[in-house]
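Paired with chain B in one complex and with chain C in the other, chain A is shared by the two complexes that follow.
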Partner chain A sequence: MTEYGFFIDPSRCIGCQSCVNACAECETHRGYPMIHVDFIDRRNTIDTVPMVCMHCDKPTCAEVCPADAIKKNEDGVVQSSLKPRCIGCSNCVLACPFGVPKMMSELEQMMKCDMCYDRTSSGKRPMCATVCPSQALAYVPMEQILRERREKPANLFFFGNEPVRTKVFMMVPPDVDAMSIDVLDYMWEPCR
Partner chain B sequence: MRRVNSKSESLWSEEFAVEAAAEQYVSRRQFSKFLVLTSMGMFAGQIWILVKNWFRPTTVYKEKPVALISEIGIGEVKLFSYPEPADACIMIRTAADHYVAYSQKCTHLSCAVYYEKEANRLECPCHEGYFSVSDGSVLQGPPPRPLPTVVLKREGDNLIATGIKL
Partner chain C sequence: MAVPPNDEARLIERFGPHPQYEPPGGWQDESRRPAEKLVKTHCCFCGQQCGIQLKVRDNRVIGFEPWEEFPFNRGMLCPKGVKRYMQSGHPDRLLAPLIRESSGFREANWDEALNRVASRIREIQERHGPDAVAVYGGASLTTEKAYLLGKFARVALGTRHIDYNGRLCMVSAGVAYKLAFGVDRSPNPWNDIPLADVLLLAGSNVADCSPITTDYIWRCRDRGGKLIVIDPRMTPITRNADLYLPVRPGTDLALFMGMLHVILRDGLEKRAFIAKHTIGFDDVAASVKPYDPATAARITGVPPESIEKAGRWFATCERGFALHARGIEHQSKGVENVLALINICLATGNIGREGAGCVMITGQGNGQGGREHGQKCDQLPGQRSITDPEARRYVARVWGIQPEQIPQAGYSAVEIMEAIHRGEIKALLSICFNPLVSLPDANFTAEALKKLEFFSVIDFFMSETAQYADVILAGSLQEEEEGVVANVEGRVLHIQQAITPPGEARVDSQIICELARRLGHGQHFPFQSPREIFQELREASRGGCADYYGITYEKIDRQMGVFWPCPSEDHPGTPRLFEDGKFFHSDGKAHFMVTEYREAGDPVNEDYPLFLTTGRVVSQYLSGTQTRRIGALVDQYPEPRLEIHPRLADDRGIRDKDWVTVTTRRAEITLQDMVVRTIRPDTVFIPYHWPGRKSANKLTHRTLDPRSKIPEFKVSACNLRKSEGPPEGA
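And then the complex of A and B:
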C-alpha cells in the first residue's frame, strides 16, 4: 500500500471553511470541528491558515498530560484523550505548540484532530482533505506532492531551541528546510 | 510488555509512555500474584509480632509510697507521679475507706484529666472526654481506651502504688 502523507499549504487556503464544516460532520464529535481555520492578521490581510494536528514524534500534549490520557498509535497518530482518563485540566491545550487540542467543557474532556482515525485507518482520506477545494489540505502520497507542487514538504519546526518533528508536513518555499518559530516575537505587539 | 523507549529516557517517561503500544498493563495473573504475596507477607508479619510478644519481658513496677491517708479528705484529689517522675497520676478518695488512682494522661491525646466533683467523673478539657471514677472506663468522648489504673496498697497510714493495670 502506498504511504500517504498529510500536507498543509497555507498559501493555498482560501478561507472557505469547507474543512471546518466537513470536520463537524463527523460521528464522533458532530457539531464540533476539530480543525482551526485562523486569520493570520485580519487587520491587514485576508490570509487564512488551516491547522490540523501535526502529530508530533514526541507529542508535547501527551508528555504534559498528568492523567496519561493522550496516546500515540504505532502509525504515529496522536489520538484524542481517553475518556476514562481525561480529567479536563487543559494542560495539553496550553502546552501544544501548534494550539491544536480543544477542551470540550460540556464533556469535561479534551478532543483533538486525530486525522480522522476511523477513515485513515481503513484507507480513506481525512474529511478535511477530501473537501478542500484548493488542496491546501492534501492527503496524497509523497511522490505525488513532490511531483505536483512547487513548494517543498517540511516537518521540522524549531520553537526557540526546541526541535519538533511532526508526521504532518507543512509546504514551505524550496530553499527552507526547517521552520523556526519565535513564539515571543509573535506575541509581541507594539504599543498604540 | 514491549519497551519502546530507549534506556537514556527518564523513568517517568517509560512508565507513562506516550506510545499506546508501550503501555504496561497489569495482567490478572500479575495482580493475583501481588495479592497472594502481600497477604503472605502480612501473615508472616503477624506471626513475627506474635512471637516477639511471647518473648517480651513483663514490666516490673517498683512499690512507691505516694500519699498519706490523712492528706486527702473525702472527695479530694492528690496528684502524684508513678512509676517515673514524668508519669503524672491522679488519686481520688471517693469514700472514707476507698481510694482510686489513674494515670492523668487522657488516652486520646494525652491532655491531663481532672476530677469533676459534682458530676463525679474524670474529665479531659481538651475534647470533652469523660472517664468513670470507679474503674477509669470511658463514659463519653473521643478517648479510645480506659485510663490506666494505678494499683494501690494500704500499709498503715501509707498508700503505696504497686503497679499499673492497663
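And then the complex of A and C:
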C-alpha cells in the first residue's frame, strides 16, 4: 500500500477556511474545528497560514501531561486527550511548540487535530486536505509531492537547540533542510 | 402596489435570514446516523461546479462527502461548498405559496396562488399589451429551467422582455468572445492552466470567487510558469505573483493596449498565425500606436517597466494563457477590455493550443449553460440570435409555433428595471434573482419595485426582493430537481435530484409549466420531467453554436461531463476549441477588434475624488439569499468592511475599525473600515452581498456597457468621511 504523507505549504494558502469548515464535520468533534487559519498581519499583507497538528515523534504535549492523557498511535498520530483522564490543566496547550491543542472548556477536555483518524484509519484522506482548494494542505504519497511541487518537504524543526521531528511535513524552499525558529539556532553555543 | 407588507423587523423575524449552525437533526443526533444514500452531484454555487457527494437521509441532506473521482475538483471544495448542505431543513425555507395581504403574507394553496398570478398577468396584458409583463431569470437555474423560462416568456406570455441575472456577470465576456471568435465559451479546458508558461490574470479575485482555480494556478507555478496579476487590490492569489500590476480602476483597456504596443513595437507578434487565421490586425495595430508604455503608465498608474515586462513575457513564451473575470468586465467598456485582451492572445498566437489560450472565469453556477438557451433578451436556444430569421424559423418549428409569433429582442436586466420605474413595464415574474441586492443603484431598484402593479417571485427563501412580491411561489433548491449545467469550461454536467422539495414547495419546472397551462398554453408545455425538457432542448440547440444534440444524461455520467459543441451521440464533445485553426465565424477566422479608450461612466472629480470598487468574499455568494442563512459562512465574514489604504486613512484621520461614511452621487452608507496596505490609495473596496444599510449597490451607478449592457460595478466615484459612530441599526 502506498504510504501517504501530510504536507502543509503556507505559500499556497488563500485563507478561505475550507479546511476549518470541513474539520467541523468530523465524526469525533462535530461542530468544533481543530484547525487554525490565521492572517499573519492583515494590515500589511494578504498572507495566511493554516496549521494542523504536526504529530511530533516525541510529542511535548504528551510529555508534559500530568494525567498521561495524550497517546500516540503506532502509526505516529498523536490523539486528542483521553476524556476520562484529561484534567483540563492546559499544560499541553502551553507546551506545544506549534500552538495546536485547544482547551475545549465546554467539553472540559483538550482536543486537537488527530489527522482525521476516523477517516485515515479506513483508507480515506483527512477532510481538510481533501477539500483544500489551494492544496496548501495536501495528503498524498511522498513521491507525488517530490515529483510535482517546487517546494520540498521538511519535518525537522529546531526550537533553540531542541530538535523536533514531526510526522507532518512543512513545504520549504528547495535549499532548506530544517527549519530554525529561534535566534539561538543561528548562534554558536557550547553543547549543554 | 408592490410594497413590503410589514415592517422589516417582522419580516425578518418570520422569514430570516436566520443563520443555521447545525445540520438537519443537530450535530450530535440525527446527522450522525448513516446516510441512506450518497448522491454524486455538483455544488449549487459558483461556475466551478465542483463535484460533491450529498449524504441523504429521510429526504434531507445531512452532510457531504468529497467526490475525489470527479476530475475538475478532485474532492476540493471551498467553504461554501462544504456548508451548502445546511440549507436542507432550514427554518427559513418557504414551504407553501404566499399571498400578500395588507396585514402581511399568508399561506395559500397552489390553485389559488397560480390562478392569481395567471389572472393578474392576463389582466395587465389585456390592458397594456404583452410587453407590459417582464420575466427575470437567473444563472443558478439548471439549463432545463433556463430554457423553459425563455420559452415561457416568448410562447406563454408573448413578451419581448426576458432577461437574467447573468446580465450582471458574463455578458461582456460573451459579447467579446462572440465578436472575436464567433462563439461564447472559454476555448480551453482548465487542465490547460498548469501547462502554460505565463499566466496573465486580469481582474479576477480567484481566491475568493473561484477558489478551486487556485490549485490549477499553483500547479502552473510548480512547473516553472510565471504569474502576472492585474488588480487594484492585492488579493490572495497575488501572494505568489511574479509580476503584479496595480491598475487604476477603469483603466485596464489602456494597460492592454500598452502591452500590445510593446509587443508590436518589438516585433514579437506571430506574423504567420495572424496572416493565416485572423482578420483586422492592421487596424488594431494602428489603434495601439499611441499607447506607448509611458502613456499607458500615466493612465493606469502601473509602472512603464511593468507594462513592458508583462507584454514581453506574454509574447516571448511558448504558451501564454490569459484568464479574466468581472474586474475587467464590470465596466462601461467591459466588452472592449476583453477584446483588447483577446487581441493580445491573437497577436501572440496564444489560442487553440494546449496550455495557450484565453478564458473567462464564469461567475455563477450555470453562468455558461444559463446563457446559451434562451433566457437572454436577445437570444434563442443554441446561442442563436433572436434577430436571425433562420434561427427564428428553426426554433419556431421546434416549439410548434410560427416564426412571427416569437417576439423580437427585449430589454436587458437593468433596462427592465428602468422600464418598470418609468411605468412602461407593469408586471414582473422573477425567479433566481435578488435585484434589490444585486442591481446597481439599489434605492432606484426599490422605487421601481414599488411601482409594479403586479409582482410574483418563485423562490425557496424570502429574498429581500421577494418581500415586495404580491405572490410568492415556493420553489426548489438545486438539489431538489434534476437537470444539467455547464461549468466554467463549457463542460455540461448532470445535477442529480437528491431529495424532493419539503412541505408544499414544488420543483421550479413544474411551477412554470403549470403557469403556462393556466395562461392557455399548456399544449406547448407538456413536460412531466426535466428529462423531457432536455430532450426538446437538445433538438432546439441542434445546429446552433452551443449544440447539445449529442448530449444525454447517461453520456454525462459516463464521461464525467461533456464539453459542447457535441453535435451527435457518437461525438465525444469538444474540450478545446479552435485546435484546427478554424474559428466559428463564417469566414473561419478570428477577428481582431479595434478598441477605443474612454472615461468611466461615473468619473472622479473634486467632490468625488476616489474610486469605489465592489466584489465578493469567499464565504458569501452573490446576493447572499442562501449564504447569509448559513451560520459558519456568516461568522467567517459577518459584515461588509471598507478596505482602505493606510496612506488614504492617515490623510482623512481614519483608523482601523472606525465607522466611515462612503458617499457617491447616488447615496451614502456607513461601514466599519479595515486599513490594509493591499489596495491602491486612490481606491476603496466594499463587498456587495448585503441589503439595506450595508448595501454596496446603493452606491453604484447604472451606466451600462453599450453592447453587453453590463453595469459598471467596478468603477464608481466616491468620497469618504469619518463618521461619529455606527449608523442606526448597526
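As a working rule, the second predicted complex is superposed on the first by the 182 of 192 C-alpha atoms of A that agree within 3 Å, B and C clash if a C-alpha of one lies under 4 Å from a C-alpha of the other, contacts with A are read in each partner's own complex, and residues count from 1 in each chain.
Just so we're on the same page, a contact is a pair of C-beta atoms (placed from the backbone, for glycine too) under 8 Å apart; a residue touches a chain by one contact, two chains touch by 3 or more.
Here the structure is a predicted model, which means the values were calculated and not measured.
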Touching partner for A:74 - first (chain B), second (chain C), both, neither: first
Partner contacting more residues of chain A (chain B vs chain C): C
First, second, both or neither for A:148, with chain B first and chain C second: second
Which superposed partner A:134 touches (first chain B, second chain C, both, neither): second
First (chain B), second (chain C), both or neither touched by A:47: second
First (chain B), second (chain C), both or neither touched by A:2: neither
Contacts of A:12 with chain B and chain C, given as first, second, both or neither: second
First (chain B), second (chain C), both or neither touched by A:105: neither
Which superposed partner A:31 touches (first chain B, second chain C, both, neither): second
List of chain B residues in touch with chain A within their complex: 13, 16, 18-21, 23
Contact footprint of chain C on chain A as seen in their complex: 11-18, 20-22, 24-25, 27, 30-31, 42-48, 125, 127, 130-135, 148-150
Chain A partner contacts - residues on chain C that touch it in the complex: 21-22, 27-28, 31-32, 63-64, 66, 68, 73, 75-79, 81-83, 206-208, 211-212, 214-215, 218-219, 221-222, 224, 234-240, 618-619, 632, 636, 646, 656, 674-678
Residues on chain A engaged by chain B in the complex (per definition of touch): 58-59, 62-63, 68, 70-74, 79
